[in-house]
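Okay, got some structures for you below.
In the two assemblies presented below, subunit A is common to both, partnered first by subunit B and then by subunit C.
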Partner chain A sequence: MNEHILEYATGALDDTARAEVDAHLAGCAPCRADVAAWRALGDVRADPAPPGPELVHQVLLRSALGGPPLATRRPAWFSLALLRAEARLVRPAVPIASALVMALGVALAAGQGQAGQILAFVAPVVAALGIAGLYGPRRDPAFELVAATPTAPGLILLTRIALVFGYDLVLALAASGVLAVLGADPGGLVAIVDAWLGPMALLSALSLVLAVWFSADVAAGVAVVLWSLRVLAGGFLDDTGWLLGAVRVVWATNAGTVLAAAALTALAVFLIGRGEPIRRHGATYPS
Partner chain B sequence: MDDDVTLLALVARGDGGALARLYQAYAGRLFGYLLRLAGDRMVAEEILQDTMLAVWRAAGGFAGASTVSTWLFGIARRQAYYRLRGQPPPAPFEPVDRADPAPGPEELAIAAAGGSPVAGAVGDLPDHQRDVVALVFVAGLPLAEAAAILGVPVGTVKSRLHHARAALARTLATQGVPE
Partner chain C sequence: MDLWRYEVRRAGWAALLTPPVATAALVLVALLDGGADTDRTTARNLIAALEMAMPLAAGVGAASLVGRDPAVELQLTVPTSYRSTLLRRLVVTLGWAALLAVLVVAGLAATGWWERWPGTHGVVAGQLVWLSPTLCLGGLGFLAGAAFRGPAAAGGLITTLWLLDQVLASALQEQYWQRLLYLFATTRGAVPGDWAANRFTLLVAALAFGAVAWLLLGRGERLLRGEAE
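So, the complex of A and B:
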């Protein structure tokens, strides 16, 4: 009988079983006390009354004001949407100037026998200057707005790199293709691309780190200085110092330059997530 | 039972009146349950509102795999744990008979709420015992439904009830309240 007392007290027994327990309880005081003790657990006499129907009004109001629940997952097309949104922030002067300078390079190189060398002067500095203006409170009209979005700054930076560097890469490849068709380099397309690809990646990556770490001006300045050193090393200042020799070794397409460029880009993405969005001391955090 | 299902279908279609009727049918039991979990009237009212909001938004997700009351109290329990602990309810295989060592704010609050001695002592029970007592004796759910909500076998529900009753008897005895 003890087994059934709990179920009886909760009201979970069916009619016949309940009738049996009722019959037993009539003659068994301890079991009656048992049932009472169980039911005392659910003593609700002192409970306050539940809120009235106005609670439903509040719920409906909250639902209407709150709108649809926040999406916790990014939609599949998020990367594409981000790319489109960031593309609208690129000032048109940058791609236009890049294209013009590259066209000038092609025009200059077309008459020469060493088109790859000419393009190796033009493509890296175009890309590096484009990258230098990629990021920073003074370069980006939507900087504060973008800094306030939940999208990680590193992701925004990578998106912009993909946009600007991708554009410059396409430009340089197109220029190489034109020059190869014109037969301006004896090595053909591969030799032309080989001449500029490594330097372009390395100089752009260096420019990116400097733009993130210091400012766009520093990045552009350093890029131009390094580029000038390369011009001097390739021109009339042959064999005049170890520095120019070193520049020539670094200024080539090989595993070292590509790895260094990748490492510098990773460093820039790491740095951008750590620093203060606007580089003024104590601008966002008390320190 | 069928009435509840049709009511919930209306709620899923955006019928605010159906939500009001559903609330009317369950307000007392849900509030009693949440009052035991929260130990504080204001907090219980907030959780009740959270629960009804979750019902309003998730009514379309009711697939009829359980009864409406199981579904409702499951939502209420989840909302209570989110609100009180900032985390989802514990997994069913949590240690069964270990008392919660940390006295939560609800233990303190129930005294201030001025409940009956038994209700106050129920508030002193460890979480898993208070939960099952509130589901079975305050909300009046069958043992099988309480077991489904907690995700444990019916036998565990019974053993928790017995432990809760024993603990309650000890507490009331030390307080000098006749059982």
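So, the complex of A and C:
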């Protein structure tokens, strides 16, 4: 009989069924209580009246008198905690391979009297390829979660730059120090660092913008193509004309290179989080 | 056919565009920025676009194949083995580079540039100018991708080896075994009698790299651990 109680209470039953329910209700107190409960629930007149304009007035008044909400400040250790959290996400293969590649290049070149040149060619491209895979769906399988996190995407990006580029920077500085102590390059420490610092910053910054704007693949491809031209301009194609001469000037350590690298990094931080996730490869669907 | 079309799409525009862009950049530099170069030097630089740019682009492309699937655990559960899928993608990557290289060789032969460099070996045998280093770096890239389980580290290794072969070109001619493994034996002054042996050694090395990569990729749990890290 329970299945008919609601229909009985709302008057939806036909005469025969209603008569059957009436007969049942006469001898069943729980079902009578159910019918009464359903009818009370359906009685719109029993609902409380909606709030009037005085409620809106009170809310606005309280808001005006209460002042702005208190700003929530992150604790001082937040940046350090974020750095530690992001460091756990770096695959061990990346720093290990970077160190191995750098060591391989320096070890092979140390006996050739070209150690500074080798380091100048190896350090920028190793850093740029590491930066290319810094952010995006390939780096973060659940990228939609990263994009929705309360921590600003730009802050996450800067933290990862500090980790990956900082690691490569320390690695290259250490390699330069070792080569300078061994006397493998006649120019000394300053000349060795001067040879790779500007190109490493500029190529990494360019790779970063392309990774944020397009994808890690595009960033890696462009970095490799540009850097291979630079390497060829310094050796195999040494006798060619103005274009490769300009390539050698661009990939050097000077104020222009450093400014360009800073501007490109700022552009990447500006661009991050501004694109719709669906425009990113694999953000919401495998393409 | 649908499967192969899917794999071409899966490779992405970057993987498909890098070989032609890299080659075109060197070809344009050779043709437009020759400076005081003679025809012979220009011809050498054009052939170098095949021997240097194509292997680098193919090697970096092959290095990026492993680790690009967001849900690799699903790939490992389908009836087709995941390493077969990766091998198909490798064939797409290297096949595209090979198609472009053949077209460039045909263009150079048709315009007469191919014959102006005395180091070439005829149009048919001369295909080894690009084929041997492309397969060698492609196979090594595939192996590095399987070992490191990520494109950044593997691509870095391939690029560094390419750089070392460029910078240490003279030093790598001193020992016979170094000459056999040198990537740019056609355009960077290898001993003429070693050329065929060099090309053959690079092909054998490519097969060896591919075989080791095949064995490494057979252990699916390594790929899963790579994703979890």
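Convention: the second predicted complex is superposed on the first by the 201 of 287 C-alpha atoms of A that agree within 3 Å, B and C clash if a C-alpha of one lies under 4 Å from a C-alpha of the other, contacts with A are read in each partner's own complex, and residues count from 1 in each chain.
Going forward, a contact is a pair of C-beta atoms (placed from the backbone, for glycine too) under 8 Å apart; a residue touches a chain by one contact, two chains touch by 3 or more.
Here the structure is a predicted model, which is why all the values come from computation and not from measurement.
Of the two partner chains placed by superposition, A:Pro150 touches none, neither subunit B nor subunit C. Once the two complexes are laid over each other on the shared chain, residue contacts for A:Gly27 go to neither subunit B nor subunit C.
Ranking subunit B and subunit C by residues of subunit A touched puts C first. When the shared chain is aligned, subunit B comes close enough to touch A:Gln58, but subunit C does not.
In the superposition on chain A, contact of A:Ala40 is made with subunit B only, not with subunit C.
Note for the complex: subunit B touches subunit A at residues 16, 19-20, 23-24, 27-28, 30-32, 35, 41, 45, 48-49, 52-53, 56-57, 114-116, 118-119, 122, 133, 136-138, 140, 142-144, 158, 161-162, 164-165, 168-169, 179. Those residues of subunit A lying in contact with subunit B across their complex are 6-7, 9-12, 37-48, 50-51, 53, 55-56, 58-60, 62-63, 69.
If you check the complex, the residues on subunit A that touch subunit C are 91-94, 96-98, 100-101, 104-105, 108-109, 112, 114, 117-118, 121-122, 125-126, 129-130, 132-133, 137-138, 141, 214-218, 220-221, 224-225, 227-229, 231-232, 235-237, 239-244, 281-282, 286-287. Taken together, the subunit C residues at the contact with subunit A in this complex read 9, 12-15, 17-18, 21-22, 25-26, 29-30, 32-37, 41, 45, 48, 52-53, 56-57, 60, 64, 67-68, 70-71, 148-157, 159-160, 162-164, 166-169, 171, 187-188, 226-227, 229.
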